[in-house]
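One chain, chain A, links the two complexes that follow: it is found with chain B in the first and with chain C in the second.
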Partner chain A sequence: MSQDTTNTPDKDAILRASIDRSLRHPVMFFFTSAAAWLAVSILLGLISSIKIHSPGFLSCAGWLTYGRVFPSHINTLIYGWGAQAAFGTIIWLMSRLSRQQCRAAGLILTAGHVWNFTVLCGTVGILAGFGTGMPWMEFPAFAWPVLFITYTAICVWSLVQFKVRPEGHTYVSQWYVLAAMVWFPWVFLTANVILHCMPGHPVMAAGVNAWYRSALLLLFFVPVGTGAAYYLIPKVTGRPVMSYTLAKIGFWSLAIIAPWAGMQKLAGAPLPYFLPYLGAAATILCAIPSFANAFNLISTAARSGETVVHSPTLRFTLGGLIGLATFGVACVILNLNSTLPLSQFTLSGYGFDLLGIYGFFSMVMFGAIYFIVPRITRREWLSRRLIKWHFLFSSYGLAIVVLVALFGGLMQGVGQEEFRSNWQFVAERAFPYAIFMTFAWIGILLSNIWFFLHLTLMWLRLGRRSSHPTLLLDGHHGSPHGPEGDIDNAGPGHASAAH
Partner chain B sequence: MSDPNQKPDLEESINVTETHGRIARQIAAAARENKLGENGNHPIAPWFIFILVLVGLAAGAVLNNSGKLFAYDHTFREGYVRAPEPGGGDDKLPPVPLVKALSAKGSKIYSAKCNGCHGADARGDGANYPSLSGSTWVTGHTERFAMIILNGLHGPTSTGKVYSAAGMPAQGGGMTPEDLAGILTFLRNDKGNSVGDVVTPEMAKAAMDISAKRAKAGQQTDADELKAEHDKDLPGEKADANTLVDPATLLPAAAK
Partner chain C sequence: MTFRSFVLGLSASFGIAWLFVVVVPFFKMRDLQPVTFKEGLDTKEGNYFPKRSGRVANGAAVYAENGCYLCHTQVVRPTYAGNDLYRADWGGLKDNGEGVDTRRETNAFDFQYEKFAQIGVTRFGPDLSNLGRRVETNYAKGSDPAAWLYAHLYNPRAAVDRRQSACPSFRYLFEERKVQGAPSNEALPFPASKEGEEIVPTSAAKELVSYLLSLKKDDVVPASMNFSPKKGEKK
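So, the complex of A and B:
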């Protein structure tokens, strides 16, 4: 970040505070509604998980059949939680890094409401049976133009802020956030226009759809999460990013490789057969940016061990980076020649998506929320215990869901390859994994309901009035910053009280 | 009024202390932030580069499997859909007795062609459509029965009763010898009949030849013609009803 624009630490702090204040309403709106959608999505995920092993569950309600609950689960996860958490982070990060106050908070807030309402209508549409049947694009066709327009209204201001930023160095996070902001409309518009306005051959449509899923994950959620992690870890630890070269390798390899991935879902389909294998090779290569960024940032954080233990932001962000490294491993093992046939029609694809969306992206977003919210509300988190529980239940629960889905999916694939045995045998192979998954979802659901309530209390400005950061220390006495004080008694002079 | 901060500053238009206090509170959270560090230039560990190379090799191996790049006319990769193992043979259906295999075919044809008039139980309605159950023309000589199915029938039936002036329309159009063998075998062994023999596809083929050479080819047959010319069994080698055959090909198959 450029430091030459401000002369004194005081002026610098005042500028940051004014940026935070200008963004308070839109960012809190995005974070709170995202957390609410996350709870809804996990509830739907729980129902669909139960239906895998107990098909009779809730069978009385036609709108809760598996074919409707599962798409609503995925779509609320992506457009309800993921996109809105990303929007909140993008607009805040871009303002801070470009040192510009937000001048369109009202418009962003309005667009955010429209986005939420569209996601609600889309979800009801899916549950009512009007889903399109295209994975990740199941909202009825009316939704996508509205989502696209509201996206533009939300994010275009961040582009403007980047354009008018003070001259100087462009920080790594800015590359990623800027790239994600440009890639999202490209991916979203391309796939939706081709599939909704120019319906061609159905096999090709399936190909476009598979590319969209992969591109949305690799070209929107992954860069936003990476950009946020590149901001949070150096910021909280006070150390520079370990290797600038590695950061550049990570960025450019992602930008060059990721658009080629996705078609591996269609191996064996009547497409030109180099396409699926090209997609598989590109997905394997996506392990390079994943490993480079995860290694770079984990090494940066590892040199401040104690801070990592105490800071909620760092804990979640590091959890996410471990998720990113695992995501890289999954990129490789699911796309080898030997595993490709096993991973196509099984739970493992779902495990891979969840690993990217929740294991990496969402964990970093939680870290970002724990960092950003005290700054824009000027209140501290109420309960360190709730944060700890949120971390424990989320990380353990998710690890179980992902491992079970990946491994159980491969086992299912092995069963499917035994094409002489009947289908029931294959389904039974997934049965124990499905039960395990249901229990993990219950844990994740609980943790996120607490998270949502905690966040709502912060939005209502009921947080602690303290200038001391919330640290995950045992007991209430051990704060390294002395006894907790009222926020009015602390000031910029306490800058040494590092987060 | 006891709070000194609330007293107006008479020298200036704003309360400096209060304003300063407000600003201080607003920036309290931001003030404890660290500066974002300069970029590091720590060297990249060789073992890490080695891992990235391994990833590249794995991707190369997959790409090597993708055939010719940008070859849009190569749609299928050989062997992606696995062929049955040689000698496995489990993909074939289990063999069944010949009478069952033929009756299964006949049952489908019955429900398509005969069900509408003769009814699901083949007992007709007693007024417009005769019963096939227990009918001597069904259970009797096979050539007579085959001629009725292939060409239709008008006039009196086996019981002497005339059911309708139009009679039964010909059903032979589009039938293969296997189909005819199936419907004949089915009706002689099901729906209340139990002759116990089968009409083979070869016999059915002979029936079709005979039908084509009739003097009144293309017209319905009648009781007189049946009695004069067709009151006999179809020529051809008789087959054991319990021979095990492949249900798809009807060729003899060994029992498992």
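So, the complex of A and C:
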């Protein structure tokens, strides 16, 4: 399942090149605008992190208050960066794996513009004081139907491509991408229809919102990231996935367990008792798919260690998989009966979300972007150093943010449980951790500004005209991708490039 | 595995959870049955129905738009889920002035007139389930509770014992205007930037304060749903 090779490599290379060409504009648009949103989101995250320990910072205007900046940070992270990076990866992966050109590039590109415009309006709406007050769904009510329709216009073609693909093997990546395309609309529509259109009990509304947050993370971001990793690692290392059985276990355990998770965020709220504890149990069990997939993929990559060191794609993907394994650990330690009261209303919930969205999903997306962009633009990355710095600052920064938030959250929780101590002392427990996080966010922000600039240069077709992949090594070594000029977009050095 | 069986498997694994965790509980809770006071156990009769007054719906919107739910929760968890109930003034008052402990956990009837229960995300600030009661008896101490809240929202760090508060200032919910005739009785005890002007709350601030003062979730509940910490102590 690792390679697209058939008996006619020339024909195959032409097919791949034509698929890449058909998707160039929508995929580049998604990646570049996603990277821009990521930089915006991190800037907002940095501002809100400063405000936790220094409430006087930028407190002059209503639109800069913590209660509006933080939701803008989260919503741009999810809908601006996360969803768009996922869309770019989904449509490219599906086309490649179903071996068909994309025939709706124009429509996808238009829908992508509408999506971006809606995210922009929604974010301005939050900052202007029209937020809905429902976490992760703060965009004013006009946004969700537009987002849903544009999502359909973007992704329905990938379903069609899968349906009419030539007979043959279904790749592990395709299970995940396909499943994410089924789960996302189902989850998104359920939560938005219930919360915006159906009057119900207010506590259950909060419950549905908690379930939505968990489902979006576990049933959209996690599967898209896993699907991409199951493509990238075998592809770049040129080795098949270590265990197909383990991949199956990982997939079906996620499919069966994850939909039950989420309501542990409301433990103790006046909901039916079983819901939060069912949610906590399901979240703990989500460690199974996390460990299965992380172990499977890391073992696959570990067999070609040198490639991992040199390939930017693998470096990021592997970083993401370590994030996935940590995510599995966090699923367990934050939701045990003894720790749930400590993690429930503290920083650790935020740390957990960031670990899933940035520590795993985004790192794999960076890996995918470093892999896909040279193929669709037919240009190579300009600067090894920028990639190295992106990796360094992103991974270290994120490790600090996540560990500090997880641990600081638990410490905060311990304070909250000490009911005899003054509340002010409890509240102050969070400050030192918030200061740490502020510094880490600065590093992450820098790394993603570089990333965005690098990507923009690629978008402007200013990349190196070369068929040699960009590798993170000094001097001249042999390419782990095979003999020079043999990368699969059939670069200028390739015989079939003339066709 | 065929495409058909794959999609069927996916729909089943997701659909069952979706039905049992989201859809069925949603409709069940929509038709929540009232709880009645029982003779012999309770001092009251009839159905339990919490009273609530103030501009709840409008104020809840201001609360949501300004993200108060990010730092403040509105749930006093039962003792199996946390120690909120033992705090002296979160679930009610340990001593309401007449030697009565009014603390109780949050119940499903506490969010009357609200569309979305702001259970909350993180506790950078204290729980607000009983903020209205707390302001009236503990903070304002006899003075006008609304005026105390206006001053607190305008500058949360004004009082000496609140210098360390991380609550943002909500200055933008107030406006400065010329004093016309006698100073307004809603004017804040802070100097305006210009001579002859006063700081008064906007309508959004009034709605928010009215909502915050309506947060008094410490009324007497039927014995069948009362788990106050006092009960444990007696045993």
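Keep this in mind: the second predicted complex is superposed on the first by the 467 of 499 C-alpha atoms of A that agree within 3 Å, B and C clash if a C-alpha of one lies under 4 Å from a C-alpha of the other, contacts with A are read in each partner's own complex, and residues count from 1 in each chain.
In this section, a residue touches a chain if its C-beta (ideal position, glycine included) is under 8 Å from a C-beta of that chain, and two chains touch if they have at least 3 such contacts.
Since the model is a prediction, treat every value here as computed from it, not as a measurement.
Look at A:Phe345: by the touch rule set out above, it reaches chain C but stays clear of chain B. In the overlay built on the shared chain, the residue A:Gln416 is in contact with chain C alone; chain B does not reach it.
In the overlay built on the shared chain, the residue A:Arg378 is in contact with chain B alone; chain C does not reach it.
In the superposition on chain A, contact is made by A:Pro199 with chain C only, not with chain B.
With both structures placed on the common chain, the touch criterion links A:Leu271 to chain B and to chain C. In the superposition on chain A, contact of A:Ile108 is made with neither chain B nor chain C.
In the overlay built on the shared chain, the residue A:Arg68 is in contact with chain C alone; chain B does not reach it. With both structures placed on the common chain, the touch criterion links A:Leu285 to chain B but leaves chain C unconnected. When the two complexes are overlaid on their common chain A, residue A:Trp175 makes contact with chain C while staying clear of chain B.
In the superposition on chain A, chain A positions 267-268, 270-272, 276, 278, 340-341, 417, 419 are in contact with chain B in one complex as well as with chain C in the other. Of all residues in chain A, those touching chain B in their complex are 1, 3, 9-10, 13-14, 16-18, 20-21, 171-172, 231, 234-247, 267-268, 270-274, 276-278, 280-282, 284-285, 287-288, 291-292, 295, 299-300, 328, 332, 335-337, 340-341, 374-375, 378, 417, 419-420, 467, 469, 487-488, 490-499. Residues 21, 23-44, 48, 51-52, 55-56, 58-63, 65-77, 80-82, 88, 90-91 of chain B are the ones touching chain A in the complex. Within the complex formed with chain A, the chain C residues making contact are 1, 3, 6-7, 9-11, 13-14, 16-18, 20-22, 25-30, 32, 60-61, 63-71, 73, 75, 77-78, 80-84, 86-87, 105-108, 110-111, 114-126, 156-157, 161, 164-173. On the side of chain A, the complex with chain C involves touching residues 51-53, 55-56, 59-62, 65-68, 70-71, 129-135, 162-163, 170, 175, 178-179, 182-183, 186, 190, 194-195, 198-209, 211, 219, 252, 255-256, 259-260, 262-263, 265-272, 275-276, 278-279, 340-341, 344-347, 349-350, 412, 416-419, 423-424, 427-428, 430-431.
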